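Take a look at the structures below.
Look at the two complexes coming up: chain A is in both, with chain B in one and chain C in the other.
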Partner chain A sequence: MKMKTSRVIILTVVAVLLAAYILFPFALVVLNSFKAQSAIVSNPISTAGASVQQFLQNLNSVVNNKAFVFWHAFGSSTLVTVISLVLLAVFGGMAAWVICRNKTRWSTVIYMVFISSMIIPFQVVMLPLIATFREVGKFVGLGMNGTLPGLIFAYLGFGGAMTVFILTGFIKGIPYELEEAAAIDGCSPEGTFFRIIFPLLKPTIVTVTILNGMWIWNDYLLPSILLGQNNPNKTLPVAVQSFVGSFVKSWDLILTAALLAMIPMIVIFILAQKHIMDGMVQGAIK
Partner chain B sequence: MNENTSGKKILSLVLLILGAVLLIAALWMDFSKTYIVIHVGSAKVALRGMFLVVGALMVLAGMYFIPTVMHHRAIINFIFLFPLIFTFAVTVIIPMFVGIFYSFTDWNGVTYSKMVGIANYTAMFKDPAFVWSLLLTVLFVVVNMILVNLVAFLLALLCTTKLKGVGFFRAAYFLPNLIGGIVLGYIWQFIFSNVLTTIMNSTSMLINTKTAFIAIIIVYVWQYAGYIMLIYINGLATVPKDVLEAAQIDGADAMKTLFQIKIPMIAATFTICTFLTLTSAFKQFDVNLALTNGVGTVRGFMGQRLSNGTQMIALNIYNTAFARDQYGYAQAKAILFFIILACVSLAQVRISNKREVEM
Partner chain C sequence: MASISFRNVTKIYDGADKPVVPNLNLEIADKEFIILVGPSGCGKSTTLRMIAGLESISSGELYIGDRLVNNVPPKDRDIAMVFQNYALYPHMSVYKNIAFGLTLRNVPKDEIDKRVHEAAKILDLEHLLERKPKALSGGQRQRVALGRAMVRNPAVFLLDEPLSNLDAKLRTSMRSEIARLHRRLDTTFVYVTHDQTEAMTMGDRIVVMKDGLIQQYDTPKVLYDTPCNLFVAGFIGSPQMNFLEATIAAEDGKLFAVLRDTKLEIPDFKCEALKPYIGKEVILGIRPEDFLPVEYRTDTNCLYAKVDFCELLGAETNMYLFVQDKKVIVKMPSYEEHPVEEYIRVAVKADRMHFFDKETEQAICH
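== the complex of A and B ==
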């Protein structure tokens, strides 16, 4: 099936134009973070007034800004995302394994509750969540609202259903004989899980981690209501929002902040492009 | 072996008893309102909280060391399920039921003074701002479902041809999906209010309510189409090569192959994609907040002048609670939102499943 040259050329042109359209906002962000506010307002699409010096100056005023606290926010985001992802993978794998290998009424009920909870939009639990966390925090004597451990706790709760759903589907396909053989050789159930099942889950854990990671890293609503706009430990999306709120229309600073917020994700995408695109698809069609 | 078992027995008993003592102590401190704070470095930790957490961990560890062969599996099952079920219950299940209850009260976020019956639910249908948000959201969902799927499918067709650099195009089209809605919203606010006004020498699209709504759709399609495209590409790859070859031998042209073979064969993919676009468009919040913040003037809707012309339902719920402090009312809106979303997605899946079978 060889295509005609004229068609190839037309399609290539279309594809390039589309790519240009989809990428031009990113190019504009990069271009304008090299310019001063006056140059941006007078002409946002020309390179006039763009200089590395100006970029460093913008960068300096954004990074040292008290509303944005870039390094701190970046640290909080990284901490929350990494810890949540690791715990979700381990706890999710454990729960999925138990649900899958125990054909009792209880495990079916738990599985069904997990699945049906996936349709609940966040807005429904958003307001009572703050109240529940406040009461639980008061009872336990540990702060849940406004703290990073509280936020991680919430991500375990919200991410658990999807994680268990995807992992259960995969564990079903692992032959049970493997576990029986391990048991005969004297392996304890917890040993069977951590030594045999968990290593086999690796490809699916990559998928789950990508799906959860994209969501947790970019999530705005949950950290904004649990931590609050003025929390010193706010995550990156919350920091961007409160920064823009205090510097309305200062595009030089806003666009530089946007650039800083985008870079980590784009770097990871370039490094693990195939994994991320496959993971997103696998997560959707499951 | 025997010594090992008895050693384990003692360890397990000690842990269980210590854990229980700590838990009871914490409970007692809770009821007697004893509040002791200890300083760990710069952080303040309540003693009661530490007792509770350490006590619970000790009980779990004690259970783990109970030397029985019979029940060991059951204990492991419990320990393995516990972390996720516990967090899930506290973050989803309890708030869900608490929320249903609060929607019938005049809750202000902290306490409620009285039950108001279904007053919250009847009030929202007399509230023009909410009815507008609801209708706007429905329109947004319908337009988006069609546009995103159409654009994504065309992109997928383009990316499955034998062009050079197809891998690059796929990655480029997918790129906007990586970035959070808040950041994207502000970037596009800049584009609409500064860049496009310079290029076309016009006023910003975001000023007028109608064009601002179109702007939200443009941003949303731009962000989401790349993701849906990947799913279509995956679906198109499952169409068997021999079927396509057979069609070609039988003299089917490209259009015929597309409409009579490819599209019917990836009906399941269409179901997934419409479901995803439907639910995500319903829940749209970040772009709405960052791009227009719901602002927009509407004259004469239900006899009132509205200032929230581009506010979608998720943002409406958010503002009702946090800007106007009407938590009970906002919660009732959220419950209605949930019911609508559940009905629509169930109906969508059912209809698609039926169609799939017919094809």
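== the complex of A and C ==
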């Protein structure tokens, strides 16, 4: 009994420390976005100089900044994230379904290729990617470098592996009889996917979408390489970089912009919390 | 018209070296209730799934009605199937589950509504239409699965062990429900089971299968009275038929089945077929229920047996006996108790004895 309570106390302490460690940078961002540049530079961890008024002022300078074009960047980020996520969910689900239900040698090979692409770090492929994309762009007759479709295309590639990997595991758990029943009821293969498989995958898709979403929304490296600093359609994380000049770093504006960029994700996370938990718990017991 | 006709149908699964179903020939008449029965792994489900189109046919021809359906996809075969584990769509309400097939076929909304409610009424599901399958009991799920098949008015109804996941009591009531459904729908039913009682009580005709081969295909009564071989004799009937080794002997113009210490007189009408076996060993089959009541236990036509134990079921008694070290079950329509290891006599209904060839295991006479 005593053992148990002391263990609970230790676990709680560890959890609190861990949470503090993880939340500390976030708290720093929030705190300092309420301060002016001079106050931040003089002491970033004190509350001195923080005020709502200053926050509103920072906000105003960020949103109305000519060089930063907040709303445009916000729009680009939203577009890229939403379209990538929808396509990832649909195509990832389709790929996982076919891989799972077609037990041929080729499906195993394709699955292995998906898995192995997860092991390769992005940094290894990022430079050849530009050259490859130029060729791909020529092939499909669509500019791939420096355009949003190109960026979305890249996310489909980089996000596909994990999406397929996770969804395959869940599709294995769906009884095959459901698909047979659907075939007898009159479903075409597409019908079976969209009316039976996809709805059943919903909790998992929510989880996968959140994971992909956080990564795509926050990603800096890929859009900075593919779109470039001076692209008019650059995404939020790249745009925040424009406050970093060669000589001055406007910390007040950087942190406020970073906070603004984080908010949509946090809101979505809170709203979808129940689904995320469902998806994860289901994964645990099934 | 929905007769079903298998003509030299063979099924080999990919990668298997020998066929699961070799050369199947089977004619099922329109509106018949057919039972496929046999031990586990004998190819019942495979046969049913070939009718459904869920399993390809390796060679031979399968007709539904007059149509060759070898290459017709399941949805165009005018069939409905009820699966062992129900296979209800978990994300749809009961109503949507039942209506799904009709929705896909673009049946008008009010027609769908009418048919779903009609089916729900017959199956007593009206109060459950808005629920998800998760919130239903096994029996209710089973009825939804039946409803889903029913509303489409299929020409052929396929059922693969639909009752095996239900408890004994529910099984009994669902059994009569399905039989009633068959009378009402008046379509062809093909029903897979390995349950004795279901096979005997539900079907017009029974197909007994073993290793993918049809052993016998006839009405329950014929299968019970005149099983064509040892396998069918042992498979149909519960408790199982008793098998004893006996020698055929002729004496004073009469034939006898001679066991080590007893002699059973064979009625005249069986003698003709048994004549070639005089002096040879045969297998004698006697059903547990084919023994005469206590008052017939005289010296003639009795087996001499040692009691293993008695199962008292109230109105009747199952006696487990040893006849020359062979287990024999005797069903008595009365209350009867014997101490263990006591020796008793049990009288055989001589006209109900079955004889089988020891080598070929085929029936000689009944």
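Here, the second predicted complex is superposed on the first by the 206 of 286 C-alpha atoms of A that agree within 3 Å, B and C clash if a C-alpha of one lies under 4 Å from a C-alpha of the other, contacts with A are read in each partner's own complex, and residues count from 1 in each chain.
The rule we apply is simple: a contact is a pair of C-beta atoms (placed from the backbone, for glycine too) under 8 Å apart; a residue touches a chain by one contact, two chains touch by 3 or more.
The structure displayed is predicted, hence computed values, not measured ones.
**Q** I'd like to know which partner A:Asn65 touches here: chain B for first, chain C for second, both or neither.
**A** So A:Asn65 meets neither chain B nor chain C here.
**Q** Which partner reaches more residues of chain A, chain B or chain C?
**A** Of chain B and chain C, more residues of chain A lie in contact with B.
**Q** Quick one: is A:Gln229 in contact with chain B, with chain C, with both, or with neither? Answer first, second, both or neither.
**A** A:Gln229: touches no partner chain.
**Q** Which partner does A:Phe114 contact after superposing on A: first (chain B), second (chain C), both, neither?
**A** The answer is first: A:Phe114 touches chain B but not chain C.
**Q** Given the touch rule stated above, what does A:Ile196 touch, chain B (first), chain C (second), both, or neither?
**A** It touches chain C, and chain B stays clear.
**Q** Quick check for you: in the superposed arrangement, does A:Gln37 touch first (chain B), second (chain C), both or neither?
**A** So A:Gln37 meets neither chain B nor chain C here.
**Q** Quick one: is A:Gln57 in contact with chain B, with chain C, with both, or with neither? Answer first, second, both or neither.
**A** In the superposed model, A:Gln57 contacts neither chain B nor chain C.
**Q** Is A:Glu177 contacted by the first partner chain B, the second partner chain C, both or neither?
**A** second
**Q** Under the touch definition given earlier, write down the residues of chain B that touch chain A in their complex.
**A** Per the touch definition, chain B meets chain A at residues 26, 30, 35, 45-50, 52-53, 72-73, 76-77, 80-81, 83-85, 87-96, 98-99, 102, 109-110, 155, 158-159, 161-165, 168-184, 186-188, 190-191, 194-195, 198-199, 222, 226-227, 230-231, 233-234, 248, 269, 272, 276, 279, 282-283, 285-286, 289-290, 314, 317-318, 321-322, 327, 330-331, 334-335, 337-338, 341-342, 345.
**Q** Name, in rising order, each residue of chain C that touches chain A in their complex.
**A** On the chain C side, the touching residues are 52-54, 73-75, 79-81, 83, 85, 87, 89-91, 100-101, 104-105, 148, 152.
**Q** Under the stated contact criterion, what part of chain A meets chain B in this complex?
**A** 1, 3, 8, 11-12, 14-15, 18-19, 22-23, 25-26, 28-29, 32, 40-41, 43-45, 87, 91-92, 94-95, 97-99, 102, 110, 113-114, 117, 119-133, 136, 139-142, 153-154, 156-158, 160-161, 164, 188-190, 193, 214, 217-221, 225, 237, 240-241, 244, 251, 254-255, 258, 261-262, 265-266, 269, 273, 276-277, 280-281, 284-285
**Q** In the complex of these two chains, what residues of chain A are touching chain C?
**A** Listed in rising order, the residues of chain A that touch chain C are 175, 177-178, 180-187, 191, 196, 199-200, 202.
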